[in-house]
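Several structures are given next for inspection.
Next come two complexes built around subunit A: one with subunit B, the other with subunit C.
So, the complex of A and B:
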């Protein structure tokens, strides 16, 4: 039986398009230091460190763990680097969770980061595709997600429109205004989104995430220590991860099996029967607006094809019954390697009641989701105020 | 006396960044299955898939095992160079590594006889006239080298 594990402290940096006041290790250190301060621990209290980042080609530094691991207080301690495409930030936390749940370590620092302004993000993303097969045609992230979005819109042509994607873009950028760490804090309209320049149809500029510099960190602790460190830890109640193959029969980008399965695993572990009823809010990895609709369906928050109606109803707004992305989501800040951890960090912070101005009142249970790869990796993490 | 390098003479001018660059050529091995696939395209203008011995799915790209069942594949299957459009996007964003200057249409096509999508581009059609489900056919290049570019693009049937 796994040991009970909780998030006891979090730290993040202000997400911006380019930071010139710090280099990569210093930026990582900034988030790690804030997480340690939040948890009230020092370097000596950390038993092991897990570092996560996206492909090296984003920043042009191979084996970045050589530098960032040390910056993240790993000298003299066990260090592991994690990498799983866009889900890496979440996988980093989940690896730290495994460290502690196994009983091998008591207190682990998980930190994930990205400094996209040091390189060329879309080139790096294109280089992630299979060089033997589709790399020449797959262009960055927007083109792949545009194919996913078109497939989704074509399937539900009578139910979901491009305006529904725009509603997500408007909602999340507005939520970001109350999150001091968010990069894009915008008061925009559905019309603004619809009129913004096409990037890869049907995705328009305001349907797309920015590229960001930033880092996020969490202190993960076992039962006994967690209770001493903070009166209200965010217990990791459920964890699900799943991988699927992109080149097999019946791949469904508009209802990805890996997402459905990751959710099932996490819900089962956390005793969640009806996610909409049993959870209070979610942070969903929506790098592009329509993905919030697609993931809402695959995560079981609404029926397949009802994603458009779900956002239109206002139920997922900040003052709705089930707020999605109170932080502003990936649409407002996207330091890729850190983005999936930021979803977890935000969900955990909501459960701890420390989200500040974008705190949703009375959150007891929250979910964080992420996707990565060629829409092939998924993670779901459930946090709870009670064990 | 130490002479200061140019740019450091004025202490008020910040030193903000260093430029790094990589110019590396990689040679990715294809293996026997891709070899046969690309030779068929180059020499015979033919697209071939391979069948999973367990699920019976006709797979693209061809490989020695199914990515879902992990069962071996055996039987090669000649596919049509016609199929149905699964999904598409008109790419407007310019960046390094693109197959051609934007705007262009990137698409997934389900070739007749295949069970996995084929990635390529669409041509001879205006983006606003494209519909998911429409029938398309490969337009082959005359100068073929054994890559996916041996097909110029797919056009409406």
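So, the complex of A and C:
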């Protein structure tokens, strides 16, 4: 039987397009230090460290955990790095979860980071494409997600419009204003989004996430310690991950099966029957605006094709019945390797009641989602105020 | 905590440059081989934990394109960026949690496709270390000097490790180098980075390894000869070689102590029947004798000379021939687990250490053995 596991402390750095005052280890230490302070623990209390980062070609250092992880208090401790593309921040927390659920460790620091200003993000992402077949026409992430968006819009051409994507962009940038860590805190209109420059049609500039420097950290603890550390830990009630082959003709990008399955797994573990009813809010990995609609459908928050109506109805707004991305989401800050952990961190913080100005009242259960690779890796984590 | 056993394993053929293989073909062959040896099929497997290196593969998120070959389609899958033995530790924790009943662990490396020295040079951070030209070999040479000077260990003692392991490798059907060498040949081989000579360094190898792990009930139902995982440990040292006592493998010592504590091993020399360790260079095996508790400080050359760690000795180290006979980078440590599991389950063929019941598998990582992972397996 798995040991009960909770998030007992969190820390993040202010997300900006370029941190010039720190290098990567210093930035990671900043987040780790804040998480330890939040949990009321010191370096000596940490039994093991799990580090997550996206392709190390971003920073150009091979096995960066040996450099960065040490700054995050791992010297003399067990250290492991997870690397699962865009989902890596979440996969890192999930690995930390198993460190504790197995009974091997009691208190684990999970930390994820990216300093995209140190490299060229889209060049790094293009290096994911096959060197023999794909790299000649590789053009980073927007091209891939533009294909996904086209497929989605084509399937529901009578129900979803480009304006629906714009509504997500407006909503999340507005939410970000209340999140002191967010990078893009913007009051914009649907018209602003529609008029912004095309990046990869139908994606326009304001449909896209920024590139960010930043790190996020969480302290994960087993039940006995967790109860002592904080009066209201965020229990990890369900975790699910699923991986799908990248062979594009086989992948339904408008309703990715890996996401559906990861959600089923996590919901089953957390006793969630109807996610819209049983959960109070969600943090969804929307690197591009339309993805919030696509994932809402795959996560079972609305019916396939109803994603547009879902955002238009205002139900997912900050004051709606089911707020999505009160933090501002990935559209407001995207330090890639950390982004999936930030979703979990925000969901956990909401459950702990410590989200400050963007706190949704009365959150008991919250979900965090992420995607990665060629729309092929999915993770879902459910946090609960009760064990 | 649930019982966890290693129930199957396979290694691909190894070669200096397997130009007719892709990472995917190597992975597929290792995974199907490991499943066959376990008696389980891919449909029985709950999770796939893989190890790979983006830098070695020359592409970002290398696990994107190996999903099918690993058998991970629509499964729980995660990639550990580091040696495959760490992936095995992660798989162990997943199964020990009771939430998974079985896992495939797979690691691969095609070192032939890049320059290993340039590749390992990127392990140095860009501000201080990289401009020094540190890479795996030069960091190893610095460490070898430091270790030899500290304990007055002569080059002949290091060379004797190569003689021992290359002789053992002759019997290993998986080994890439299967030709014995004499002490004289080792000592006369060119210095590639003083004091390390060519025959004291591991070869460059393409290849893959996979193991299948399962919880107790499944393990018992499919085989009477499971290699039970009774101890795990991993650890990291400070990053900069300049702030470490380079003559000590401190991370290996801590990793081993954790694994021994969990497995109830008090005196490894008398309780372990063999060890499979990751000695990328000869001196590392000697350093590991100390770190893994086989001898006291500065006594490593003595126990080697006395034949304690040799074939037929009290506690043979690297009966497979070790990394000096094949180094499929990233898979290197996982191969140690496959070999140790084969030994304690009595399935090691020509390499079998008679009556082996308990063994340690070790993996090293980082510049000058900065990190280590250990697993104790027993019958």
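Keep this in mind: the second predicted complex is superposed on the first by the 382 of 387 C-alpha atoms of A that agree within 3 Å, B and C clash if a C-alpha of one lies under 4 Å from a C-alpha of the other, contacts with A are read in each partner's own complex, and residues count from 1 in each chain.
Keep in mind that, in the parts below, contacts are C-beta pairs under 8 Å (C-beta built on N, C-alpha and C of every residue); 3 or more make two chains touch, one makes a residue touch a chain.
Since the structure is predicted, the reported quantities are computational estimates derived from the model, not experimental observations.
Residue contacts after overlaying the shared chain place A:147 against subunit B, while subunit C stays out of touching range. After overlaying the two complexes on the shared chain, residue contacts for A:60 are found with subunit B and with subunit C alike. In the superposed pair of complexes, A:245 makes contact with subunit B and with subunit C alike. In the superposed pair of complexes, A:127 makes contact with subunit B and with subunit C alike.
Of the two partner chains placed around the shared chain by superposition, neither subunit B nor subunit C is touched by A:387. Applying the stated contact rule after C-alpha superposition, one finds that A:139 touches subunit B and leaves subunit C untouched. Which of subunit B and subunit C touches more residues of subunit A is settled by the count: it is C.
By the touch criterion defined above, A:374 lies against subunit C but remains apart from subunit B after alignment on the C-alpha atoms of chain A. In the superposition on chain A, A:79 contacts subunit C only, with no contact to subunit B. The interface of subunit A with subunit B overlaps its interface with subunit C at residues 60, 127, 131, 245-247.
Of all residues in subunit A, only 1-3, 23, 54-57, 60-63, 65-67, 69-70, 74-85, 91, 94-95, 98-99, 101-104, 124-125, 127-131, 240-247, 257-258, 261, 265, 269, 372-374, 376-377 touch subunit C in the complex they form. Residues 1, 48, 53-55, 58-61, 63-65, 67-68, 72-82, 86, 89-90, 92-94, 96-99, 119-120, 122-127, 232-239, 250, 254-255, 258, 365-367, 370-371 of subunit C touch subunit A in their complex. Across the complex, subunit B is touched by residues 20, 60, 120, 122-123, 126-127, 131-140, 142-143, 146-148, 150-151, 154, 197-203, 245-251, 253 of subunit A. Across the interface of their complex, subunit A is touched by residues 16-17, 20, 22, 26, 28, 30, 34, 55, 57, 59-61, 66-68, 86-93, 95-99, 106-108, 115-117, 119-121, 127, 132-133, 147-149 of subunit B.
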